[in-house]
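Labels for the chains are A, B, C, D, E and F, by order of writing; each one numbers its residues from 1.
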Amino acid sequence: MQWESWSAFWEMGGAAGFVWGSYGVTFLLVALELVLVLRRRKEAVRKLLRWRRAIGKDRNGRTDARMESQ
Amino acid sequence: MTPSDRGRSLFRFAAPQVFYPLAGRLAPWFAALAAVLTLAGLWLGFFVAPTDATQGEVYRVIFIHVPAAWMSMFIYLIMAFWAAVGLVMNTRLSFIMSQALAPTGAMFCFVALWTGALWGKPTWGAYWVWDARLTSQLLLLFLYLGFIALTRAIEDPRRADRAGAIIALVGAVNVPIIYFSVQWWNTLHQGASVSLTKAPSMATTMLAGMLVMALAAWAYTIAVVLWRVRPMILERERHTEWVGALLDQESTERGGRA
Amino acid sequence: MLSTFLAVLRRDLLLAWRGRADVLVTLAFFIIVVCLFPFGVGAEPNLLRAIAPGVLWVAALLACLLSLHRLFAQDHVDGTLEQLLLSSESAVLWVGAKVLAFWLSTGLPVVAVAPALALLLDLEQGGLPVLVLSLTLGTPTLALLGAVGAALTLGLRGGGMLLALLVLPLFVPVLIFGAGAVEAELSGTGAAAHLLLLGGGLAGALALAPWACAAALRISTE
Amino acid sequence: MLSTFLAVLRRDLLLAWRGRADVLVTLAFFIIVVCLFPFGVGAEPNLLRAIAPGVLWVAALLACLLSLHRLFAQDHVDGTLEQLLLSSESAVLWVGAKVLAFWLSTGLPVVAVAPALALLLDLEQGGLPVLVLSLTLGTPTLALLGAVGAALTLGLRGGGMLLALLVLPLFVPVLIFGAGAVEAELSGTGAAAHLLLLGGGLAGALALAPWACAAALRISTE
Amino acid sequence: MLEVQDLACLKGDRLLFRDLAFRLQAGDLLRVAGPNGVGKTSLLRLVTGLAMPEAGEVRWQGESIRRVREAFHGELLYLGHLAALNDLLTPLENLRFATSAVGDAVDEEACMQALVRIGLGNQLDLPARVLSAGQRRRVGLARLFLSAGRRLWVLDEPFTALDVHAVADLAATLSDHCAAGGMVMLTTHQDAPFARPPAVLDVGAFAC
Amino acid sequence: MLEVQDLACLKGDRLLFRDLAFRLQAGDLLRVAGPNGVGKTSLLRLVTGLAMPEAGEVRWQGESIRRVREAFHGELLYLGHLAALNDLLTPLENLRFATSAVGDAVDEEACMQALVRIGLGNQLDLPARVLSAGQRRRVGLARLFLSAGRRLWVLDEPFTALDVHAVADLAATLSDHCAAGGMVMLTTHQDAPFARPPAVLDVGAFAC
């Protein structure tokens, strides 16, 4: 382990801006991509469900009704 | 032929139906692998690898810079490969794959540029020089953006698939041409005042960190692409019965939870 | 077989003639872009001379780029493209005819006035023949590559700009070798290698672009 | 009165949003043109630094020029313009709204990314604020002047190019003062005079261009 | 109300018609007739003030429309050959814009109802680009339901591309507008079931 | 001759029709009917091969048109909603190009006669831009007179914008083509005086 202290680690020998700037942006982008990708599926499912309801193919409308009556 | 037979023969794309659940099952494993490898790579990079004699600590950017640069190039090749498969075999899944790869490739491309620029300022004194490798990386970003912009601009998915495939292939033919032309262009003007190959010979721990991070990038890419492919499959196969059944199930689950 | 090729070629040239204003204006654009530089950069002769080949080539490239969207747009809007695609001839034929007519009516004039503009920017006289030769080899390549982009972006919103984004990375090698040829000649290295590569690029584009373009057109009109 | 202004502004911004790709692609075009220069001119940093303000301004001007034809073209083709001219409100109002929406969706992004590109060309940091200020004052002037040209060339064949020819002479003074401001700042003379002139130009254009544009539209649709 | 006097129209070197005159009063429905190319569209554009006549004058309430342009355009609804649709916007957005741009304050609900009434209830969210020929036409015609306040309707071939039901519907709407004191001037080559047979202006009779 | 099987057409989210099937034999005149937006134009484009079906097949002489594309297109004449006119060229130049581009060897004299016959004798030298709506349509239709050799005519709303005489004329031309062993498939919302009442294909019956 070559770091004397945590503060030395964060200073990165004076290159903090460059190193953490690189890592920060990279992980920010990765996080953003993950959020977008995972949200996209939920949105797609919601959109498709709305679409199925609109074209009246939603068999589940009936199942729901049955479940309520139970 | 009975009506129901006909209904089934209407939509006979078996592959997506198989691939969809498979992707859903595999993706978390790759994501976990990526997380573990990233942690290992960061530990190697920050706590095991020694300070560089000439550059000091700045060089630690290398652990994302190089894997990102590699990934951006690999991903373009894979993208073009799937595009070609799609055009030849006329399978929708291949087109979907190539479109799902593009954003991640563009992301890595941008990361390589960004980290390189931040690295360049302390080492070369400028964020950017028109070096051959840098320039071809920039053009690669444009190729990615063009592909994404084109496929997004076309609403009809079938047309978007094919048009995107054509531009991906044309781009793939051009990547080597660009690379060599840029190299030649640059060496004609200025002696290699800056050159990446002059980078310090690496300690083995550095190399190990870099390789582990590259593997992490691979695992991450696979996970993200599998996740991105799933909703794309759903949207395109929405007329099929299996998607219908799946959606019904999904909405019951939601209804049940509510 | 040849009849389709000739019919399309004849019509497109007739249209270019009928719309002479267009051709002249492509030229005018080329001239104006070149003339803008002294305004933007300042009138110092040494500086201008140093950037002259680059500016001329960039201007030629932009002039080509900006007229590209015209290549199929009108025919797409008025339905002519549909009719051509319903022709029983191979689409590669008439695509070739259209690109040829396009180059004759926009590329050739640019090549023709380039030497005059080079004199304006004080380019040394020795560079002129190489400039003309490099443009003669390079602009048809640009037209061929650009045609693929034009076909792909047909009828899309913001098509003109999207087109620019798609084809500019493809244009870069042509630009590098084109402008490079002139600079190499001026610096005494000799332009032969550059010109050979430009020629090779043209041959490659001739062999592949019409097919890609025909495929793209079928996709775009679906 | 304001309702027409707002309706047009809202719709045009909505359209810009709907066709986001467009806005992004205008930007991409700006970026690409700037990046082309090193390929044409060569990668020598000193040369690049010397031409940087000129190149940036010429690229901004071209990006504006190339999106100009979009300003009225679609509305003309689909008949919306006729309907707007049949509105009982003064045409100056909605012309103003259209130009404003146009600048917000194409000029503003260009102003926003210009500093990053300036770094790419290695422009000295001191010049950046002046560059941004000069573009902020200059690009709306370009949009206003360009709108008159766009209105005059509406529906003409080769409109895009004719437009370029018409408005480029008007754009040249803006270019001279815009690029000049940055160069003056870098050479230590101070950019105040240039910026004042740019501001004056903007005020003048704001006062006159919408009227000219409205008149031109009436003529073009007759 | 609307009065046309001695109108002549020159196109290129061809004088399409001359000495054309008619007047339109509250409740009138006028069908401009004549074979293809006789000058019907040209006449309509003269009447709306979009084009200027070679000779003669168009008067609104006794005043030349060039002098009372604003008042006249406030009372006029013109639907030409072109549908005035932006391909990227939905029918609803197009309709809202079309009304508010000419200064009619119409709320979204009313626009929606007009579209549903004209049979585009299922296409409210589609971009206009993908609509069929008849559906595009209908979006333009939906403005009729929102423009009862405008007295003069000038329509160039409104029945084009419409199916039979829509034609009957439209004819009824036009008849109603006239019954309520409005004026309608239209061209068409098709027969339509108007409540009362319309007056006919044969442009061919004034051709040169 | 022309055989359509199990055709399905998907537009965006909407399956317009499925399981659509019909056949067309020498001498048949088929009118594709249905309300606006049901999918008539879409069907015509599938039949010509300009668009690809979601499912099903179009067969020409028993072979899928994708396999015999060239032979099929050599026998086909398609006139769509768009007139395929270049605004700068005269009707004569447009017509000559339209015929020679698809490989029909037609000389100038024949083109001129076709234009005169369709009533454009006075407009031979005008640029297409200034033609009236009906005149533009006629230039497209003039191709019919020069395409007797093409067996299958597919026409999308050919009667649009035509005046009554032209409609009668066109109907007669179509009837003649069928009588001579050709096939015609058209859409229209107007009635036209055909020699024999055409067979009707109601797309609405296959709608989903």
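Keep this in mind: a contact is a pair of C-beta atoms (placed from the backbone, for glycine too) under 8 Å apart; a residue touches a chain by one contact, two chains touch by 3 or more.
Since the structure is predicted, the reported quantities are computational estimates derived from the model, not experimental observations.
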For this session: Would you kindly count the fewest steps from subunit A to subunit C, each step being a jump to a chain that touches the current one?
Result: 2
Exercise. What chains do subunit B and subunit C have as common neighbours?
Worked result: D, F
Problem set entry | Classification of the subunit E:subunit F interface as same or different, half of numbers criterion | same
Exercise. Higher C-beta contact count, D-E or A-B?
Worked result: A-B
Problem set entry | Longest centre-to-centre distance from subunit D, chain (CA-based) | F
Problem set entry | Intercentroid distance (Cα basis), subunit D paired with subunit C, Å | 25
Problem set entry | Euclidean distance of C-alpha centroids - subunit E vs subunit F, Å | 29
Exercise. In whole angstrom, what separates the CA-based centres of subunit B and subunit D?
Worked result: 35
Exercise. With chain centres defined as C-alpha means, what is the inter-centre distance between subunit A and subunit F in Å?
Worked result: 52
For this session: Enumerate the residues of subunit D that touch no fewer than two other chains.
Result: 19, 21, 25, 28, 32, 39, 42, 157
Exercise. What are the residue numbers in subunit E that touch two or more other chains?
Worked result: 81, 87-88
Exercise. Residues of subunit A touching 2+ other chains?
Worked result: 51
Problem set entry | subunit F residues within the subunit B interface of the complex | 6, 8, 10, 12-13, 15, 18-19, 52, 54-55
Exercise. Okay, in this complex, where on subunit B does subunit A touch?
Worked result: 46-47, 50-51, 56-58, 60-61, 64-65, 68, 103-104, 107, 110-111, 114-115, 118-119, 121-122, 220, 224, 227-228, 230-231, 234-235, 238, 243-244, 247-248, 250-252, 255-256
For this session: Flag every residue of subunit D that touches subunit B in the complex, lowest number first.
Result: 21, 24-25, 28, 32, 35, 38-39, 42-45, 48, 119-120, 122
Problem set entry | Contact set on subunit C toward subunit D in their complex | 19, 21-22, 25-26, 28-29, 32-33, 36-37, 39-42, 47, 50-51, 53-55, 57-58, 61-62, 66-67, 70, 157-158, 160-162, 164-165, 168, 172, 175-176, 179, 183
Exercise. Once bound in the complex, which stretches of subunit E touch subunit F?
Worked result: 11-12, 34-37, 40-41, 81, 119, 123, 126, 130-135, 138, 157, 160-167, 189-190
